[in-house]
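Next come two complexes, and both contain chain A; in the first it sits with chain B, in the second with chain C.
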Partner chain A sequence: MLKLDAVTVRFGGLTALSDVSFEIPQGEILGLVGPNGAGKTTLFNSISGLVKARGQITFDGKNVIRLPLHRRARVGIGRTFQIPQPMHHLSVRENLAVAQVFGAGRYDPKRIDEILTVMELSHKADADAASALALQELKRLEIAKALATEPKLLLLDEVLAGLESNAKRTFMLKLRELHRLFGLTIVIVEHDIETISELCTRAVVLNFGQLIADGTPAEVFANPAVMESYTGTAHA
Partner chain B sequence: MSHSASHPAAGSPAGSSTARGIALGAGLLVLALVPLMVGASPYMLGLLISALILAGLALSWALLGNLGGMVSFGHAAFFGVGAYASALLAARLNVPVLLAIPIGGLFATLSSLAMLPALRLSGPYFALAILAYAQIFRILATELDWLTGGAAGLQRFPSLPTVFGLDLSERAGSYVLVLACVVLFALVYVVIRRSHVGTALRAIAESEDATRVVGVNATVLKTWMLLLSAFIAGVFGALNAHIIGFLEPDYAFSGIWSVMPIIAAVFGGYRTVLGPIVGAVVIYLFDQVVAKSLIPVGHQILLGIVLAVMVLVAPNGLSGLVARLFPRSEKHHAEA
Partner chain C sequence: MTELVLQALFSGVLIGGVYALVALGLALAFGAMRIINLAHGELVLLAAYMAYLVESRTGLDPYFAIPLALIVVGVASWILFLLVDRIKDHRELNSLILTFAIGIILTNAILLLFASDVRTTSSAFLQDAVSFGDVYAMRGELIAFVLALVLMGVLWWWLKSSWYGRAVRAVSSNRGAAQLMGINPTRIETVSFLVAGALASFAGIALYTMSVVQPATGHALTVKAFIITVLAGVGSIPGVFLGAVLLGLTEALTVTFASSALQELAGMVLFLLVLFFMPNGLFGARARRG
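Up next, the complex of A and B:
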């Protein structure tokens, strides 16, 4: 499904990602973990086309590294942002319609209604503007928008952050439901070890832009280097 | 690809909003025909023609600002290029005036192609780039005197013709033609705004990354809006040239044609279709009839005061003020 080969991102003199390589098979739920500044969001940005990267990003057998941002969405790479970025002045339904028309290349109101139902946003669909939504609703809209583009791969950037434990649990169940319903491959950035262990079949750890561990959550979190990177002692 | 979602069902809040818009637009159109029915003086018709020219220009500015979020300080360039191209085609190549006017618009569109690199800029950088660009065309019109007549300008070029017995060069005929063009482009604006492309463009104005990440090619859509906006500005520049019958660089590319549409659109409410049109008519008539009689020299200062008050009291312009004074009924809110 997705193969990263020596993906490197530099911002001036700063190397945000350095030769990151790993593969994600279809249908997997992968946890992408690491301390703040490890390069997790930069990796999402390079996969989705928001920043320029070197190396190879192969999606469904094609190297997409030179594809512009809007074309990545059209080949099936959907993403959310850590801070939800709805199209503020549009209604929830309009947000989804734009995503579907331009991302999936078709307009299907029934499908939009289905996504609204799954994401529990039907009652807000035609409310005045997306900017009026509460945080949880904005997070659901963020995912709904990505789903409307009919992605094969869904990149979720700290979608559970800021939620209290009950809401987090509900959201995790929702992610499992989406994975099953839409046959998605999911990569999720998350700090919480418990969440990753429960939700993901595999975890990849980044630290200072480098991949330092790759395995099942149990294997990864038993790795001393990973725990050191979390406690900040590895590079002291 | 179906676009049915962009046409809300009757009875829905959006549908009733559409019905209100149509009713308001039709009402304003009838109002616009009153001067002809009551036989307004040539002076008053002349003022109204100028106000409608400004309305067309304000509409083209608002289209770019509202759909795509591009703030232009250079619409004088498109206005001037359209004016010169149409006048020269009619004068030198004997192109019929009614054909030369849209071709003038096309020349303005062509001239806007030079602005495409600026689409990568945003906010004040785009505004500054397009401001500088407008100056280039004024200088070209002055320096290319073998073509444009230089600083002396063009005096002898055909005026508007007579069509089906209606002399378009007379005030009443010119008024009808300019009004028809304003209505036509307002309808084009409405159609685009209500399409998915229009919805995406409104979203681009707020958050470009949020739209690009769901597959919107923001650069292409913004390019189309720039080309269309330039075309509309060029057509109104051409109309104005054939109505007033002379052109000189300092007039055709005057900063007034960049600033006045902004004032008119902001005063009327640039996020709506009717706002820039109503704003242009109100602002122009206020300036020419009220402000000039109070302060014959430097009357523009009153325009500045009126605009400042409007921005402070009603940032969304006249249309926002009307919406605030006459809110939608509770029933509509409940439906929402």
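Up next, the complex of A and C:
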């Protein structure tokens, strides 16, 4: 479904991503891990079109690297941010409806109701502007907006950050439900090793902009280089 | 005395309606692109001169100039947008300089084409007085006020209920997030500028039918539109209307009870007072919630 080939991003003299290559088959839940500054969000930004990258990003057989941001959303790449980015002036339902009309090119109120139900936002759908939501609701809206564009690939940037353990577990179950219900391919950025191990079938590790490990979560977290990048010390 | 006050209030509300029409275009472009179009008053003025052109050349009522004004001001707005869109860095600041310069160019172009003479409608129908008890208004003022109310309603509906209107609000809310929803911001900004141009066209014609225009009027209109946008607290159509009426009332009462020479000054004093005591504008909190 998604193939990255020698993806490189430079900001002036700083190389944020260096020759990153890997593939994601359809239906996979992939964990993207690494310490702060490893390049995880930059990789998301380059896939979704927020930053210019060199190399090749092939999605559904088409190189999308030159497509602008809004066109990538339309071909099926959905994305969320660690800090939710709602369209504040619009109601929750309008956020989803606009995303569906412009992202998926159609208006299907039933589908929007379905997403609202799954994301437990039905009771807030028309009540107020999105800016009035609480943090957890905003996080759910962030995913709901991306779902409304009817993506094939969903990039989730630290959606579980800041949640306490029970809320995190509930959210993980929710992600599994979304994966099953909408037939999604999911890439999730997450720091927590346990979460990645439980949720993902595969993990890719970045450090200083380079891919240092790729495998099942068990294989990856048994890799001394990965643990060293995480802890800053050699693993015993 | 009571009659004078009533007349001033009535005139203030009527001119406020047209001021709202002038300010809506500026507020819309600001909402969508976060730029203040300092040439907006000149676009309104351009439409006013189209009304003058049609009336003086054909003898038709100025409102027959609407199609011509929509085309001319629409093309001018589009060119303006293309220029603003070329600014890649510090767009908010650089666009101020660019649009200010375009405003000067437009003012001088109008001066060159139409001379510096004061112009107003010669239509007896529009200049006829209509009385409501003790207060009077020109028929042109009443038509312009009703037109302003209708257009504000149409704009409100468009922003609230049409997909493009919702997309304008989405881009205005969060440009990056809107792009991730598949919205092409350039297209939405173009549409916003064209709608702002259409509003300027109607505002210019309405202004010509109820007031006098000359090449220097454009700059004063931009200042008024800016004052109203700040009074409203940016982003609220009812806020723009109430801010405009407040400005109209302030000016009318100043003219009635002090001097017409103090009219512009009174508007600026109102502006500074609101900025000082209510920095978010009169309707800032409401505007943030849309």
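Throughout what follows, the second predicted complex is superposed on the first by the 232 of 236 C-alpha atoms of A that agree within 3 Å, B and C clash if a C-alpha of one lies under 4 Å from a C-alpha of the other, contacts with A are read in each partner's own complex, and residues count from 1 in each chain.
Just so it is clear, a residue touches a chain if its C-beta (ideal position, glycine included) is under 8 Å from a C-beta of that chain, and two chains touch if they have at least 3 such contacts.
As the structure is a computational prediction, the values presented were derived from the model and not from experiment.
Participant: Mind checking the superposed model to see whether chain B and chain C fit together on chain A or clash?
Facilitator: In the superposition, chain B runs into chain C.
Participant: Is A:Lys62 contacted by the first partner chain B, the second partner chain C, both or neither?
Facilitator: neither
Participant: For A:His123, using the defined touch cut-off, is the partner it touches chain B, chain C, both, or neither? Pick first, second, both or neither.
Facilitator: Once the two structures are laid over each other on A, A:His123 reaches no partner at all.
Participant: Classify the contacts of A:Pro109 with the two partner chains as first (chain B alone), second (chain C alone), both, or neither.
Facilitator: The answer is first: A:Pro109 touches chain B but not chain C.
Participant: So in the superposed three-chain picture, is A:Lys52 touching just chain B, just chain C, both, or none of them (first/second/both/neither)?
Facilitator: neither
Participant: Mind working out whether A:Ala132 is in touch with chain B, chain C, both or neither, as first, second, both or neither?
Facilitator: Touch partner of A:Ala132: chain C, not chain B.
Participant: What is the contact status of A:Arg93 with respect to chain B (first) and chain C (second): first, second, both, or neither?
Facilitator: After superposition on chain A, A:Arg93 lies in contact with chain B alone.
Participant: Same chain A residues contacting chain B and chain C, which ones?
Facilitator: Comparing the two interfaces on chain A, one with chain B and one with chain C, the shared residues are 48, 50, 68-70, 73-74, 78-79, 81, 85-90, 94-95, 97-99, 101-105, 128, 145-146, 148-149.
Participant: Provide the residue numbers of chain A that touch chain B in the complex, in ascending order.
Facilitator: Residues of chain A touching chain B: 48, 50, 68-71, 73-74, 78-79, 81, 85-90, 93-95, 97-99, 101-107, 109, 126-128, 145-146, 148-149.
Participant: Which of the residues in chain B come into contact with chain A in the complex?
Facilitator: Residue list for chain B touching chain A: 1-5, 12-14, 196, 199-200, 202-203, 206-207, 209-218, 336.
Participant: Hey, which residues of chain A end up touching chain C in the complex?
Facilitator: By the definition above, chain A touches chain C via 48, 50, 68-70, 73-74, 78-79, 81, 85-90, 94-95, 97-99, 101-105, 128-129, 131-132, 145-146, 148-149.
Participant: For the complex, give me every residue of chain C touching chain A.
Facilitator: These residues of chain C touch chain A: 163, 166-167, 169-170, 172-174, 176-185, 235, 288-290.
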